[in-house]
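The letters A, B and C name the chains in turn, as written, and every chain counts its residues from 1.
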Amino acid sequence: MARTVTRLTRFNMTSLAAGLAFLYLPIVILVIYSFNASRLVTVWGGWSLRWYHEFFNDRAMLEAAWMSLSVAAVSATLATLLGTLAAVGLARGERFRGRALFSGMLYSPLVMPEVISGLSLLLLFVALNAERGFWTVTIAHTTLTMCFVTVVVQSRLSALDRSLEEAAMDLGCDPVRAFLLVTLPLIVPAIVAGWMLAFTLSLDDVVIASFTTGPGSATLPIRIYSEVRLGVKPEINAICTLAIALIAVIIVVASFASKLSNARGESAAPL
Amino acid sequence: MPLLRIEGVAKSFGNFRAVDKLSLDIRAGEFFALLGPSGCGKTTLLRMLAGFETPDEGRILLGGSDIAQVLPHERPVNMMFQNYALFPHLSVRDNIAFGLKRAGMARRDIATRVAEMVALVKLEGLEKRKPDQLSGGQRQRVALARSLARRPQVLLLDEPLAALDKKLRESTQGELMELQRRLGMTFIIVTHDQEEAMTMAGRIGVMDAGRLVQVATPRNLYEAPASRWIAEFVGDINLFHGQVAARANGRLTVATAEAGTLAVSELWPPVTKDVVSVAIRPEKVKLSRRAPATDEGGTHAINRLEGVVADVNYLGGVTSYRVKLETGAVLRASMANTARLDVDAYLAGQRVVAWFTADDCLVLEQ
Amino acid sequence: MSARRIFARPARLAAIAPYLWMVLFFLVPFGFVLKISLSQTAIAQPPYTPVFDFTAGRAALAAAFAQLSLDNFRLLIQDNLYILSYLRSLVVAVSSTLILLLIGYPIAYGMARLPQRWQGIAMMLVIVPFWTSFLIRIYAWINILQHDGLLNQVLLALHIVSAPVIWLSTDSAMYLGIVYSYLPFMILPLYATLSKLDASMLEAPAISAPRRDRRSGW
């Protein structure tokens, strides 16, 4: 009996190792190639930082990267603000007229193909005769990512013990102060996680950005996408490696924040 | 004028009438318990006193002014929550100081008051801890200190001891009573635990289906329950249904199917109906091997019922017996174990006579 | 009024700004798409009719409304090309889900049986690709699958093939891409169930945030 268990475990460990290898092999190869001195992607020319150097001297690429990062930062901040307000409305507003429409509008972008989101916003911007560039992409990304922030913050708000807010009122707070002094500090981890989610989603997007950006202001993913269609360039390997490193850092921070949030949630639960 | 007057207060949730035209007066300095099964409306009533629910009808007068529509943060009333509702992101000190800061108290006064509260609930040395670093009993004390800190005119306690284990609950009951006496504050406690209510409260209001069915001291509630429902809800009781056969000299003779004819002293006000129940608490039932001497017509009329001991439960302080009567009905009796070695204890299967006086039983309508 | 109702009013006020935002940037643009889907193709600018001109008066607007039709939707149903591509998408989706289950389940099961300390690390390892851009992760495969890529070099070196094989733009590459992209999405929920994570863990946004499936054309 004990032997079957061991064998089972060995099988488990093998499949787990193989699975992780499958997930990471392409990424590891990409990272290794980004340090390849050779211009030919397939020939190993020794370790080098050449392609990173190239990237940092490539004005167009750097501009695209800067555009992406600033769109991501601004849209994530806007989305966090609007998404948190929306979550408060849904989680604490009880029943109100237009609630169904409101939650419908907030949930549909989560399941709608990006092509439609992008196209519809393009039509709006054309109709408004808005100049397409930084702000149109930022608005588009805010619209999409605030829905994700709403979901994350709303689930935290619904899980929060309502008697905490009642206790705050009992001790002299009006509803707004009860929210600011008790509820808000307790949902900060969810808000932080929401911001990071919005930031990475924005950084990731090709489709919506392609629809809503104008000439001369491409985001990094758009540039990468157009470069890749012309074949693999070692510089792209370097950019992708940097992006993966950035995401890994964000995840470590986010998981720390959510652990904090869980610890707080537990102590708020009734005994 | 009582401190708190509840006047014809009603509250419905949809079609469910949680509190039904209830009126009640509570005096200053009283320890009052609202007792009832779950869903009887006692928590809704408490929440209306705190301001978390607004009554559909009626008035709530506190010190003469109607507070029924006043928002919770503007009432001189505080509440201790069942789950304590401590703010998890604040330390013990900041939890206790929370209400004082909102009241705009000066910094130094807050520090003094917090120190006073910490000492009152014996939490010295734990001021900097967060709630999740405290034991259940400690959290309960923080919640108590926090709700007392603003010196409310009335302190509302929603099942304050429900989350504690039995030993801790009993010692905390004593501390709460002591605290209430010392502060001279008005406490209103909601509980489903009748023992807890009887131990702590000066008066108990029993609620059922949104109505107050009896308000009485613990002793009166137990010895003179107003209805069969209350008699059964508070403590154990034997009930025999029957018809009034005769009434003379403040004594009723009731013919019951299960226990034959019983003599019962009549209480005030007298029963008006003929169909009644005779109720007798188990500890008032005595068991003996032989029937006691009768005194027919005397003041100490004795009811005698013969039966067989069906089972014996030794509970430490008392032993409870179930006696099967000849009619097949079961009579419960309990006897205090006053001696360590009880050679007289009854055994299952033994024939016994169960007896009780007319004064020990009650006659109840319904 | 109950405590919940006391909170409701300021909460509804908070929702006004996001409400207006969504009406302006979601509902209105969606109306544009809906309108075009009911329009006829025209060789003009814009390339469809009717064009609503809100300054032209009610009669003209009514006439424009009357021109709307379901023709485009009729075309969707009648043209075999659309139906066949829908069916093909369905077949691809079902078969890749089966493959994902086959691969993902043993991995999730293995994770759930790891010692507690290692489970966190394993989960982290699955979450990093989960969050990494699809574009980057698919691009990583191009390094391997392209004509003179790593796979062909290895196969040639081992004399398994004599000439480079074309991998990219084949059905196998598509399945590989789909399976690779969605594997973390299969593993994480399975692992969550298998390890009986408590609900509060699932609440952690890192796992439960519903990342939409993004058909970016790959």
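Everything that follows uses one rule, which is that a contact is a pair of C-beta atoms (placed from the backbone, for glycine too) under 8 Å apart; a residue touches a chain by one contact, two chains touch by 3 or more.
Bear in mind the structure is a predicted one, so any value in this text is a computation, not a measurement.
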Contact graph of the chains (line, ring, star, complete, other): complete
Averaging each chain's Cα atoms, the one nearest the global Cα mean turns out to be A
Contact-pair count is greater, between B-C and A-C, for A-C
Chain centres from averaged Cα atoms put chain A and chain B apart, in whole Å, by 56
Taking each chain's centre as the mean of its CA atoms, chain A sits from chain C at a distance in Å of 14
Per the C-alpha means, the centres of chain B and chain C lie apart by a whole-Å value of 60
Going by residue number, chain B touches two or more other chains at 51-52, 71-72
In chain A, the residues touching two or more other chains are 166, 169, 266
Chain C touches at least 2 other chains through residues 3, 6
The answer for chain B against chain C in the complex is residues 47, 51-54, 71-72
As the complex stands, chain A meets chain B at residues 161, 163-164, 166-174, 177, 181-182, 185-186, 263-264, 266-271
Per the touch rule, the chain C residues reaching chain A in their complex are 3-12, 14-15, 17-19, 21-23, 25-30, 32-33, 36, 103-104, 106-107, 109-111, 113-114, 122, 124-129, 131-137, 139-144, 146, 148-150, 153, 180, 183-184, 187, 200-201, 203-206, 208-212, 214-217
So, in the complex, the side of chain A touching chain C is made of residues 9, 11-13, 15-16, 18-20, 22-24, 26-27, 29-30, 33, 40-42, 82-83, 85-86, 88-94, 96, 98, 101-102, 105-106, 108-111, 113-116, 119-121, 123-124, 127, 139-140, 142-143, 146, 148, 150-152, 155-156, 159, 162, 165-166, 169, 175-176, 178-179, 190, 193-194, 197, 200-201, 203-204, 206-207, 221, 224-225, 228, 231-232, 236-237, 240, 243-244, 247-248, 250-252, 254-255, 258-259, 261-262, 265-266
In their shared complex, chain A is touched by residues of chain B numbered 50-52, 71-73, 78-79, 81-89, 98-99, 102-103, 130-132, 136, 139, 146-147, 150, 163
